[in-house]
Each structure stands twice: as C-alpha cells, then as structure tokens.
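Just so it is clear, A, B, C and D label the chains in written order, and each chain counts residues from 1 on its own.
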Amino acid sequence: MEPVKQIDIKENMKVSELIKEMSLSGVFGAGKLAKCADIFELMLKDKATIFLGAAGALVPAGMKNILIDLLGYVNVFVATGANLTHDLIEAIGHKHFQGNEHADDKKLNEKGIDRIYDVYMENKVYQDLEDFFDKHFDELKDITNIKEFLWKIGGFLDKKSILKTCYEKKIPIFCPGIADSGIGLMMNNKIMEGKEVKLKALEDLNEIIKISMDSKKKGVIYLGGGVPKNYIQQAMQFTSGADYGIQITLDRANTGGSSGAELKEGISWGKLNKDAKFVNLHCDVTIALPIIVAGLKEKIK
Amino acid sequence: MEPVKQIDIKENMKVSELIKEMSLSGVFGAGKLAKCADIFELMLKDKATIFLGAAGALVPAGMKNILIDLLGYVNVFVATGANLTHDLIEAIGHKHFQGNEHADDKKLNEKGIDRIYDVYMENKVYQDLEDFFDKHFDELKDITNIKEFLWKIGGFLDKKSILKTCYEKKIPIFCPGIADSGIGLMMNNKIMEGKEVKLKALEDLNEIIKISMDSKKKGVIYLGGGVPKNYIQQAMQFTSGADYGIQITLDRANTGGSSGAELKEGISWGKLNKDAKFVNLHCDVTIALPIIVAGLKEKIK
Amino acid sequence: MEPVKQIDIKENMKVSELIKEMSLSGVFGAGKLAKCADIFELMLKDKATIFLGAAGALVPAGMKNILIDLLGYVNVFVATGANLTHDLIEAIGHKHFQGNEHADDKKLNEKGIDRIYDVYMENKVYQDLEDFFDKHFDELKDITNIKEFLWKIGGFLDKKSILKTCYEKKIPIFCPGIADSGIGLMMNNKIMEGKEVKLKALEDLNEIIKISMDSKKKGVIYLGGGVPKNYIQQAMQFTSGADYGIQITLDRANTGGSSGAELKEGISWGKLNKDAKFVNLHCDVTIALPIIVAGLKEKIK
Amino acid sequence: MEPVKQIDIKENMKVSELIKEMSLSGVFGAGKLAKCADIFELMLKDKATIFLGAAGALVPAGMKNILIDLLGYVNVFVATGANLTHDLIEAIGHKHFQGNEHADDKKLNEKGIDRIYDVYMENKVYQDLEDFFDKHFDELKDITNIKEFLWKIGGFLDKKSILKTCYEKKIPIFCPGIADSGIGLMMNNKIMEGKEVKLKALEDLNEIIKISMDSKKKGVIYLGGGVPKNYIQQAMQFTSGADYGIQITLDRANTGGSSGAELKEGISWGKLNKDAKFVNLHCDVTIALPIIVAGLKEKIK
C-alpha cells in the first residue's frame, strides 16, 4: 500500500508543483484532481482521439479561453447550445458581469439584467443576436448539418471565440440540443416569419460515430453532464469503449441520470473499456479546470 | 408569523393527510413538498396551461405510470430522449430490473447487463429496438417534425406507455435532444446504411412557443433539469413568464447550469412572473412525485 | 432478477400502501425509502437493541413529535445539543416559525429573529432559557453524568418533549457535544459567574459501550450525521458490529467525513456486520421520516 | 458592473498567479476560491483574532502539514476528535494509505484495514494508541480541562504534528466532542477498568468565550462544518459577531443543520457582523485549502 503523503506547500509554488504534491497525497479530491491531470497527459501521449463534452455555463463563468486552450488538445467537441450562445454573445461584443447570487431578481428584471447564478448579462444582447442572425440568415438557412452550421457561424466572427476556433481548426463541433438554445431560437424567429430553415436533427450523428469507429485509442473528458456527456457516451456504446476517461461534475450518481453517473457504470454498457484509466472528480469545473490546464501547459508543449 | 406545527403521524394515515401535516409544518423539505402539491392544485384550478419537463431516468426508476397519470393533467410534455427510449423499450416487451449500485460493472458487461445506478437492463433490448425501427422505418423516414415522429411511434404501440398516451391524447411531446438517445441512434443506423431521414432540428420549436404565447395562465413543472427544463424555460423567456412553478431536483444552483438554477433566478430573465407562486424542492423525484400525485388524485378528480 | 414494478398511485391511498408500491419498484430513492421501512420492521421483529442518532435541526423543522414517537421504538438516543436545546425551547413555551431562506438577515437581526434555513426563532428565547437554568441551577450543578443531567432537565418539564420523554421512559440519552449547545452555554454562564459545574466529559461513555456489549442483536438509525452518528458507530466498533442499519442524510461520502460515509464503509471497521441488512437513503429527513413512521405505526402496534 | 474576465492560463504559472486570474473572473467557484484567499489576507492585515474550525478527516486526507502551516496564522483552533486522533496516530508512527472507495469492505475487514472513503488505515493502530495511553495515563488522568489535556498529549510527542504544534505554540485547542473520538475511547478503557478520569465537559468553554470577548476584530475559518464550526459560531453569538468569515464545505444549506448553513444566516443571529466580509465556497477542502495556503505563503511572510 502506498502511504498518503502529507501535502507540503512551498513559497512561490507553481501550479504544476502543487499538482505533483496532490498526486503524491493520492486521495480525496486533491488526489483525484491530480489524477485528472495525469490521465489527460496519458491520453495525449497515447495519441488517443479525445472527445470533450462541455455542459453548464462555462463561458459566463470565465472558462472561455481555457476551453479554447483545450481545443488545441482535443479532437471532437460536444457542447450545449448555451455554451455556444454565450460564446457568440461575447464574440459579437458583449460581456458577462460579476453579480451576486442573492440578488433581488425582480429588481434585476426591471434593470434588464439576466442572472446566471452570480453572473449577470444584459438582456439587450438578444437584440444584437437577432441582428446577427438577420444579417447572416441567407448564408445559414440552407445548411442541413448542425456541425457545418456552427462552423459557418464561426467563420463570421472576428473575435477569439470557441466557434471561430472550431471553424478555423476544423474541429468537429456537435450540438445535438441546438433547438434548446438562443441560437436555435434566433433561427426559429425566422421560421415564425414564414422562412425555411433546413437544419436536420440527425445528419451529423453518424460523423461522431464514424470518428469513434476509426479511432484506435479514445479518451473522453466531461465537464459537467447533460447532452454533451451522454452524446459522447452513446457514441462509445455503439462503437467501442473509451480507453481513458475524466469526469468533473457536482452532479450526484443517485439521481440515476447520465449527468451524475460514475464513469465506472459505463463499463457495464461498453462505453468504457474494462481496463480503462479513469477518474470522477466531484468539483466545480471553474476550480478544477484552470489547475488541470495550467499543469498540462507545462508538461505538453 | 405562522408557527411550525410539529407533524403528527396517525395510524392508517392517508398520503393526503400526511401532505396536510407537512403543509402545516411549512418548513424544510416537508414543507416544500407540501407546497408542490398545493401549487399543482392551484395551477389546475386556475386552468393554467401546464408544461411538464422530465429529465433523468424516470422510466427505469418505476415512474412510468405516474408520468402517464401526469399526462392526464398537463398540456405540454418535454422529455429527454432517454426517458422516451426506455418507455419504448418497455412498450416493446422488455423490463428493467432491480440491481445494485455497487455491482461489479465488468461482470455485468460480461453478462450483457447495462447498469443505470441500481437498475439493470439487458443489452439485448437494442436488438429488438433495431427490429422495431426496421419494421416501421418506411413510415418514419419522411417525417420532418420531431413531435409528429414521436406521435407516429406512439401509434405503433399496443402497451400502455408514455409515447402511446401522448399519441392517443394528442399531447404535444417535444424532444429537442432526440439525436442524443437510443431512438436517434436507431434512425442513424439507417442513415449509415445510406438511407435518408428527414427529421428537422427546429421544425417544432415554434409550436411550443405558440402554445406559450396563446396561454393566458401558465405553469411549469420540472422533474430534474437538463434539456426539458431549459427548453420550457426558453419558451417562457421569449413569450411571457410562468405564473406557477414547481421544480424537483437534486442538482445544485452553484454549478451555474440551468438544471440546478433556482426558479427565482428565472424572474430576472422574465421566465417566471414577478408574482408567480413557485417552489424548489431538493428531493429525489422518485420519492416526491408519488406523494404529490397521490395527493393530487384525491383532490382533483 | 426482479423486475422494477412501475409504481401505481390509487385514490385515497394510505401511506403504507405507497410504501408497498415503492418497495415493489425497489430502486432509486423510492426503493431505498421503502427499504428503510422494511429494515426498521426487521429490527423490531428481531428484538434488536436500537440506537437512534439525530443530528441537524429536527425540532425546528417540525420533527419533534415524530422523534417522540420513535422513542417508543428505540433503546438508546444520541442527539446533538442543538436538537435538545430547541426541544427545551419549545418545552418552556416558545415556538419556531415558518420563515424564508431568502430573507434579508440584516433585517431579521434588527427584529431579533434568528434564522435556521427557512425557520425563524425569536432571539428572546435565550432570556427564558437563562431564567430556566437560573431556577434549576442548584439541582443541576453537582451532576457529573451528562445523561443524568439531561434526564434531570426532562424531569423539570411539563410539556410533551423529547427530554421529558427520555426522563419518563428512562431512555438513555447521550449528548457528547453538550458544550457545543445552548444548554452548555447556559451552564457556562454560571461558570463565568464563578460557580462550579461538575459535568464530566467521559462519564457516560462507558454506558453506551456496555449497552452495545450486552445486546445480542443491534440496529442503528442515523438521521443526519455529525456526532450522534459517529458516537454510535464508535460504540459498535469497540464492541461488535450492528446487524441492521438505516442512514438518512444529504451529506456526501466523498468529503471523507463520518457524516456522509456510506454504512457499507463501516463493515471494514467492524462497525457493521458482514451480513448486516442496511440502507443509505439520500433524502431530506423531514420528507423520509414521516413516511417511514407512518408505515411503522400501521405495521407495529 | 465589473466584467467577468476570461481566465488565461500561462505556462509555468504560479499558484498565486492562478488565484489572481480567478479573482479577476470573480464568479462561480473560481471567483469564490480567490475570495477566500483575499479575505484570509484581510483578516491577517487587520490583525483579527482568527478562529479556525476543522471537521472531517483532514489528516487522513493529506492536509496535516497544511493545517500545521495554518496554525502559524490563526489564534484559536477547534477540531473534531477524529482529526486529533488521526494526527496522534501519525505522531506515534503510523501512516494512512492510498485506497479505493469502491473496495470490498468485507475483504478489507478480513485484512484488518479500516476504510475512510479512499484512505486505508491499519486497524492495529488502536493497539499502539492503547499502549500510548497506558504509558501516559498517570499524567493525564487528573486533568480537568480538555484544552490542557490536549496540550499535555502534544507535549509527549516527538514528531511534527498538530497536537505538538498547539502544545509548543500554546495555541488554544478546543475539542468539545472529545468523548466522540478514539482519544475519548482510550481514556474510557481506563474508566472501564475502574480508574477515574477527571476531564470536565464544560471547563474550557469559557476560555473561547473570553478570547472572543477580548478580541477587537475577529475572523472565522470553517473547514467543513460539524461541532468545530458550531462551537465557534456560538462563541460569536454570545459575544459579538465576526468581521471576516470563510467557509469551505460540500454540505448543503437546505438540511437546516449548522454544517451547511451559509455564513449569511449568521447575521440574523449576531454570529457575523452586518458589514462583515465573508465567502461560502462549495468545494472539497483538500482541493481548495492547498491553493489558498500556497497563495497566502507568497503574500504573507
């Protein structure tokens, strides 16, 4: 048995040194956080095809640039419509603001401020979103493939953003719940005006399946649960299990939903290989992810 | 100030009597559970249009018949693909089984058993699902509207099920994340064989928006979060806020995701009216929902 | 494998009938809640010595009478000082009130109201508590045994209360964290006036150990975690493991604390027998406990 | 409104630089983690008397040396008996080991291994603990004050430990739940042999009250909840509210227990000043604490 090394903190410590100490302690959240960093490194060294799923409200939470960093390491990106809508909102010039989770929501409403836990957003962003889709509708309306549709949007953008990065690097980006987002609603506005939008619900599903089929080694990284996690999990289930897995979520397993299910459960389904290396970290993504990426940047250049 | 009445338990107590006691205590989980029952009753008395969102794995968890009961009270149903796939699995003759959350997933995999927390399902259900979609593919392939697609499937079924009930009662059923489900995958099999599937991603989005627009009073009920909750929330945001709200979830608000966000937050967005009556219950749906529905059945006939 | 029975809700359903349905479903929270009821019944039938630990703020939450009901079934009671202090506060004539967890705490402070999540208590209760201990100090100051001290307090009370019930039925009541409570503080007031209080920290520890040693069969019931759970657990560890276990808490296992630890972990320590029957229920005690006790009252008379 | 700065990760980043980025993002867990570091710094600059409460299983989790670091910054330490027992276990030469939370507890029991989530400890440590108390009993039996008792134990130790550090630096260390711990049980063994132990339950309670009374400015830091938090909170309540507060816990507010209660609630009670600076961080202590202390070491020398 390996002893739990008591963590030592030194002055001027680098994040990578802290991860090393956490790795030597090896237990509880600290040990699992270090294991996330270790498994990420293994995925990269093994040249695994990496599937990244990102749920939640990561862009409003200040994780946009870190997600863009991650796009330099991963091969497939699956997102909620919310993450992409907030990315687009910043890309067309808006910001998110530091708020208060105990705010009076009635007063915020009167001021035209939308609250996302302790983040504020001005409701007027929707007018600019609408203008954006007005301007580009003719180039978007005939696209049938959601991934191509998102790449096309990325191509319209000047500012550094997730959508633009996926477009430029041609990273397959999937958003099966596109109807459940501000982007979906903006396109629906046009439908309600009588126009046609040709996006098909299932057209790019075979693409993620094929990528999974064609990969010799595979790694999955889940930031939160939701559709992004489950969509990658089902791609594994219907092809072959992942060899590496990292899950960071505050969701619980006992609700029985996919979001909180431990990765281990996926072994029964064939979503994860029997001898896979994996870790479930119970932590706020905004705390864990910066640490992991800081460690990664030092190790993998 | 209203005192907390200490709850008294009597012999042979009816569920409705227990709810009454919980209502008089008025605090903590018990008080909020009773408030769910009260607000549900108010929605019905006020003839509000009721939007029910159901995430998670409610069918494997034994909630199918209760959901079918609820379909007798609500006007719009939004579900995850998972809930509908498991409903279909039971409708074509399979069952879910009582398992163990601490099981050895490698052994389960060898036996062909898929685990959902402490529920087991035989992996061979997928073969029968495939046969089902083989048999009905010609009637499904040209449907462009997801809601119509789901109704059509419901029409093929003999056994009591959610899909059949929605079909028979013509309850609008929305599943924006259809690509993220066993049903989506079965249709994708055909696409991979070179066939065409015409389902459009956004075609029925305007329908939920229109229903929301046309309703004088509205109530929302969220069983878990995920796409079903958010999809209803955005319909409120882009029309007018709900007058009544019930949310039952174990998700946390501080992840910032839509799933765990308190209903109160929706007031800032205009998803919920400023003077709405609402309650957030932190509870396993499988515990809270049977109690609420038992109370409802006695009060509303 | 036993199938998951889909739960059926009937009109005028009794709580015991609902538990029966949940038992047949057998999974998720509903199944575990029913299992709590079943295991409690088994403990009683097997004439096990039952150790009940109660943490949290159960009296303010309306659970006082249910706890008093439970004292009719159990043999040993371990409580936080908080539960006993709030019981005493009600016994000397005060009430707790229905409040709001989103209240402005600064305003509450100005009004002399103390908040416990969504329960309010008037701060002036402490003056009456002080008077109570002034009046009875001479009879309390020389007691060295915490259990005897609590019984003595119970003997002073007229109103139905936990303390009075333990006194009358001579139920061993342990409160190792007595210093961490309003009761402890009231006695400390006297110490600060220069008086002596003779309560000893460890005097009644051997009593719970001896009860555990002398019991042929044992059951443990944990409502929340904290000191009450751990104190019973250590009594098992240093004598012999429990044969039955029920744990109801919202605490998580991954903090590594005793409060959220699954009962299963206790098998490694010898706190729980290898063949023990046990269940961990993740639920608000104020929801689960009334249901379990309602079922119990019908089955065991 | 201050914008949410998107966090930028650089190569070779120091922990303090990461905290700075998190501080500029200002929201979600990352923002709150940075706020913990900021408030800790403010407490120190303001020369506040700092009360540190530590629950959970921090020593087995690798946090011992970090706690010892913290003892260089704080003025009062309140601990669970568990933390002190595990500290003593390491001080007399034993270690904790890296284990697996999914282990078979029956097999662990056969091997004499006790499990604490994913940490293992050899059960034979208890024999050595017993020998330790045998050896030192005569020097311990007549001590009436728990704090003096703990200091005395610290004085027996050679290895770096929490107990030894408190002894050497004469840091007031309180453990009101001493009966609920291995240390308490070891002393109880002697009582069961017929010997007398003079420890009094309330003797040192007035000491923490007096320290609180005599402090011009006060800060509270809660690592987990339990008795340590509540004991400090009640000292504030009966003297004057704290000026600074940091709480790191995974416990929920809606159980109504003290452990998960938001610090804000304490304002109603007078436990926290109306204009106090405080933060509630929902995070595993083993992740958050090393980061905060690393930042602190660089700022405060």
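As a working rule, contacts are C-beta pairs under 8 Å (C-beta built on N, C-alpha and C of every residue); 3 or more make two chains touch, one makes a residue touch a chain.
Predicted, not measured: the structure shown is a model, and the values here were computed from it.
Seen from the C-alpha centroid of chain D, the farthest chain centroid is that of B.
Looking at B-C alongside B-D, one finds more C-beta pairs in contact between the chains of B-C. Centroids of chain A and chain B (each the mean of its C-alpha atoms) stand 25 Å apart. Taking the mean of the C-alpha atoms as each chain's centre, chain B and chain C sit 35 Å apart.
Work out the mean CA point of chain B and of chain D, and you get 43 Å between them. Contacts with at least two other chains are made by residues 28-29, 60-61, 102, 117-119, 250, 252, 254, 256, 264, 282, 284-285 of chain C. Considering their complex, residues 1-16, 18, 21-22, 25-31, 33, 60-66, 69, 90, 95-99, 102, 117-120, 250, 264, 282-288, 290-291, 293-294, 297-298, 301 of chain D touch chain A. Those residues of chain B whose C-beta lies close enough to touch chain A in the complex are 55-57, 60-61, 82, 101, 103, 105-106, 108-109, 113-119, 123, 146, 176-182, 184-185, 187-188, 191-192, 197-203, 205-206, 209, 224, 226-227, 230-231, 234, 238, 249-259, 261, 264-270, 274, 284-285. By the touch rule above, chain D contacts chain B in their complex via residues 27-29, 102, 252, 254, 256, 282.
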